[in-house]
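Here chain A shows up in two complexes: once beside chain B, once beside chain C.
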Partner chain A sequence: MANRGKQKLNLTIMVLLSAYLILPLGLTFLYSLFQEWTSMLPTGFTLRYYVDLFQDPGFYLPILRTLIISTVPVLLCTAITILAMYVIVVHHPKWQKYMQIFCTIPYSLQGVILAISILALYSGLPLPFSDRIAMLVCTYCILILPYIYRGIQNSLNAINARQLIEAAMLLGYKPLAAYLRVVVPNLLSGITVSFLLSVSLLFGDFVVVNIIGGSYYPTAQMYLYKMMFRSGQQTSAMIVILFALTLLISAGVLVLQQRNKKSVAHKQEVADGFHTI
Partner chain B sequence: MLNEQALASANQSSIQTLQRFNGFRAKRRTYLLALLPFIVLIITYELAPLMTMVIRSFLTPKTGEFTFANYAAIFQKKLYRDAVFNSLSLSLFSAGIGIVIAFFGAKAIYESTLKRRNTFMSILNMTSNFAGVPLAFSYIILLGNAGVLIHLGRHFGISFLENYNLYSFSGLVLVYVYFQIPLGTMLMVPAFQGLKQEWREAVSLLGGGSVRYWFKVGLPVLLPSLLGTFSVLFSNAVAAYATAYALLGGNFSLLPIRISEQFVGDVLQRKEFGSALAVMLMVLMVGVTILSNWLLKRAGHQRSTYGK
Partner chain C sequence: MAFIQFEHITKRFGRNTVLDDINLDVEKGKLVTLLGPSGCGKSTLLRCLAGLENPDGGRIILDGEDITNRQPSERKVSMVFQQYSLFPNMNVFDNIAFGLKIQKIPQKQLRTMVEEMMAMVELQGKEHALPRHLSGGQQQRVALARSLVTRPKVLLLDEPLSAIDAKLRKSLQHRIQQIQRELNITCVFVTHDQDEAILMSDIIHLMNQGTVEQSGAPIELYTSPKTSFAASFIGNYNVLDGAAFAKLVGEPAKPNDVAIRPETINLTLEAPQMQPDAYVLSGEIMEFSPHGNVIRYTVRVGEQDIHADALFRSFKLFQTGQKVYAIVEKRNCLPVM
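Moving on, here comes the complex of A and B:
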């Protein structure tokens, strides 16, 4: 009896919390579908705000900019970290701890401090350094480094990289080729999750882009911020579209995670099979 | 027999590989080139900016002499003193409320059936993406001057809702708590999985009830995770910028907003003072982490002396 009471209480907590969390989101969605909401209930159902957005040529460019700036740094950061991990895995396993320290510092810096410290250092310098877009890309690389590093490190932990490389070298590969052609393909499925997480993080970024990008690189978040002061309904529609895009990215993460879990379970089964033999 | 031979030859060849490995390593150090892009990135965009900022915070503008004046200025001017105080109290409040709700949320997940657990986790996952400018805006249409709930309050004569002011400290706490809950709950869920059913049974065998179980066993076991999650939530709030910026612009004194003003404004840039403010923000974040570690150690020490 007591157990049933407890289940009821837990269900109530979860329902209340879910309602609390979904309320602002659902309301924004409703708000974007009606012309007016000045009394109890909204009036004048319309899809006008979405049509207007999609017909506005100025709408696509910021979205495109956001998509570019949230993928290029992630690709760059992943490539740089994978290359660096080659030296750690193959030649200097003891450097692992330094790598970890440098890769986790940005996590405790957060966006504001990182962005202003980079801006303050480079904005006065000559061109390659003071170029805002380059600055933005590099700042993002550092910002997502902890997540990318974790992803790579966790996948490396799951496979025995040194053994794989030794095996490949027996077959005549040079160490770097062995790493790139045998170890890296094995890391890919694990890296994809942290890759997509980083993309969705950058996709929603406003702090760094507002401080460093400014008017040099107006992304969708900046466009949204400016729109806030013009039309409530239009802004709501924009929020719904951006949120749907973010959900698409995180749905990708979820699907991949499920698949990874399955493949890990499968590998485990295979390994268990070996033991019993 | 065959196996032994195979094993021996495998050993032999792996020794050879290792020798080749080491020979390769001794001959050329070109492999270090692979580390170069990483080192360049870390030095130019992580260490150099961070160090210049710390150094700059101790310099006098223009002359470049060593000084503590930038730090003294933070506490001399009310505007900046308020920024530190507001940031600190906003983060403590929102992290405090957040961790309590996260505890009950994660507890509910831990005690529920798999299906309900998955549904609730998906909702948390989804809403954890809802932050920054979009979140601020949706609270404006919910509780702003012409917000939907304000209309409802007027209609039903609920004066609390009718007169609610979102553009205030309590409004900020309300919005900040929103993004703390999904994060806090998702961080607390794994900790609950460490609680063993046997402990609860042992407590009830010894005549203890649910309350006694939670205060004597559950909470002490969860303490490290609770403190750790609290400091994550605190850092998350103290450095949050987008939500407050979109909600209040510069009209409410908070550290991240005051910091960026010192660097981004075209009219008057005060990099030295801004750096001191930024170091202040880092001190707050690191301070809470150290404090929670210290509390944890103390609690651990107490527990171990109980044992003796």
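Moving on, here comes the complex of A and C:
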């Protein structure tokens, strides 16, 4: 009896919490489907705002730019961090604490200050230092470094990386090859989480891309910003589309991960079933 | 010429000298054990042979070649780790085949070699299992198969059975011995378990504080320890300093310590006849405890406690407080340094 009461309470809390989290997006979506909402309920259901967006030729390029600028720095930062961790795991384990401090510093950097500082430092220099896209990519790499590092480090903590590398070396592999073949595949779950987190972060960024990218690299966020002054409903439609896009990317990555796990489990089931017969 | 030669091997970690001028040889096809307490340097010596540590001084010769400065991948040496170190993202087949893939062995031949090795360690049917789905004993057998399939010159085992329960350990000890003899492969085994060392080894090198205390066949080490450390580490010896022993037996003080194996002490209730080749000591049973098929008695003789082992015969048990006579043959009182 007491258990059922407790279950009901837990369920109620979950429902309320979910509602609280989903409510802003839900209302935004609702707003994008109606022409007017001046009283209690909105009026004039229409899909016009979505249709207008998809029919606007200037809509797709900012989205594409946003996708590119959200993923390229993440991939670059991940690659650099993985190689840096190789140096630490294999050659200099004592540098681990310095790496941790170094990778935590960006948490304290404000986006505005970072963007303006980088612009001030590099804009007067020759190419490629003064290239806005390069600056933007590198700035984003700094911003997401703590998330990428933490994901990789947590995964490394779960395995005895050094001993795995030693085992691979004794089987004929050079240290770097051993690290890439044996350790990195075991970091994928941590990297996946960091990847999704970082992509979401960069996808939603406006401040840094506006200051550094500006008119050189207009992204979906800047397109959205301009739309705010034109139509509230269309802005809402744009927000819903961007959210759906982020959701699609996350779902895609997670589905790929699940498929891989199921494939391994299936092979094991087949083997077990074969030998039971 | 020995198959493996350690010549003047020295290794320091900071100010701590872990290996102090080690010289020892390993003959081909033998199972040699490095035995000693934690921190004596046995694992470090093994890792130097594997190339995972670089000695600060000395040379390591393997099959006539100086391998001191060679990379681990160039030494043709395999190692089984205490924690198995199986690759978590690979199944059993891929773990075992890992070392063969870099040799670019044709797929068909690779499959045959892996299957033969799996049969040798009795893991058929587990090809697609991931390490986390295996028991400790199975994981260790995978680690063994992975190390052997590449046909190394030397197999190193760094306390491979210490994480496994006692019953399974005996079975794996026997299996490792069998495989070693079948393949006639040179093995260097590291353990702190003296029973394991005595059971499995052709030769034991007993190490203490970075040096080799004593080397020899298991029986030789067990019956003839040369130092107090060797006596106290192997075989549960009673180790008495010269003065204490002299007081015990009523003789002039000896310059060395004396070691007496517990199982060589016979206990009786009746006073025995005087024997020219044995000491007869009068004492009292202070306590006793069973150790498998042996009962260990603590006997107080004068001010000295000595341990005596007797086979566990339930109809013949001395009780605490009983007066007994301990008969020790003089030849079983070994002087040690």
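Here, the second predicted complex is superposed on the first by the 218 of 277 C-alpha atoms of A that agree within 3 Å, B and C clash if a C-alpha of one lies under 4 Å from a C-alpha of the other, contacts with A are read in each partner's own complex, and residues count from 1 in each chain.
Simple rule for what comes next: a contact is a pair of C-beta atoms (placed from the backbone, for glycine too) under 8 Å apart; a residue touches a chain by one contact, two chains touch by 3 or more.
Everything numeric in this text was worked out from a predicted model, so none of it was measured.
When the two complexes are overlaid on their common chain A, residue A:202 makes contact with neither chain B nor chain C. After overlaying the two complexes on the shared chain, residue contacts for A:166 are found with chain B and with chain C alike.
Shared-chain residue A:11: touches chain B; no touch with chain C.
When the shared chain is aligned, chain B comes close enough to touch A:87, but chain C does not.
By the touch criterion defined above, A:141 reaches chain B but does not reach chain C.
Contacts of A:220 after superposition on the shared chain: neither chain B nor chain C is touched. When the two complexes are overlaid on their common chain A, residue A:23 makes contact with chain B while staying clear of chain C. Legend: residue contacts after superposition of the two complexes on their common chain; A:185 is shown touching chain C, with no touch to chain B.
Chain A has more of its residues touched by B than by the other of chain B and chain C.
Chain A uses residues 166, 169-170, 174 to touch chain B in one structure and chain C in the other.
Considering their complex, residues 6-7, 9-11, 13-14, 17-18, 20-25, 27-28, 31, 37-40, 80-81, 83-84, 86-87, 90-91, 102, 105-106, 108-122, 138-139, 141-142, 145, 166, 169-170, 174-176, 200, 204-207, 210-211, 214, 221, 224-225, 228, 232, 235-236, 239, 242-243, 246-247, 250, 254 of chain A touch chain B. Residue ranges on chain A touching chain C, taken from their complex, read 159-160, 163-164, 166-174, 182, 185-186, 264, 267-268, 270-271, 275.
Taken together, the chain C residues at the contact with chain A in this complex read 50-52, 71-73, 75, 77-79, 81, 83, 85, 87-89, 91, 98-99, 102-103, 125-130, 133, 146-147, 150. Considering their complex, residues 13-14, 17-18, 20-21, 24-25, 31-32, 34-35, 37-39, 41-42, 44-50, 52-53, 56, 101, 104-105, 107-109, 111-112, 116, 120, 123-127, 129-135, 137-142, 146, 148, 151-152, 155, 178, 181-182, 185, 235, 239, 241-242, 245-246, 256, 259-260, 262-264, 271, 274-275, 278, 281-282, 285-286, 289 of chain B touch chain A.
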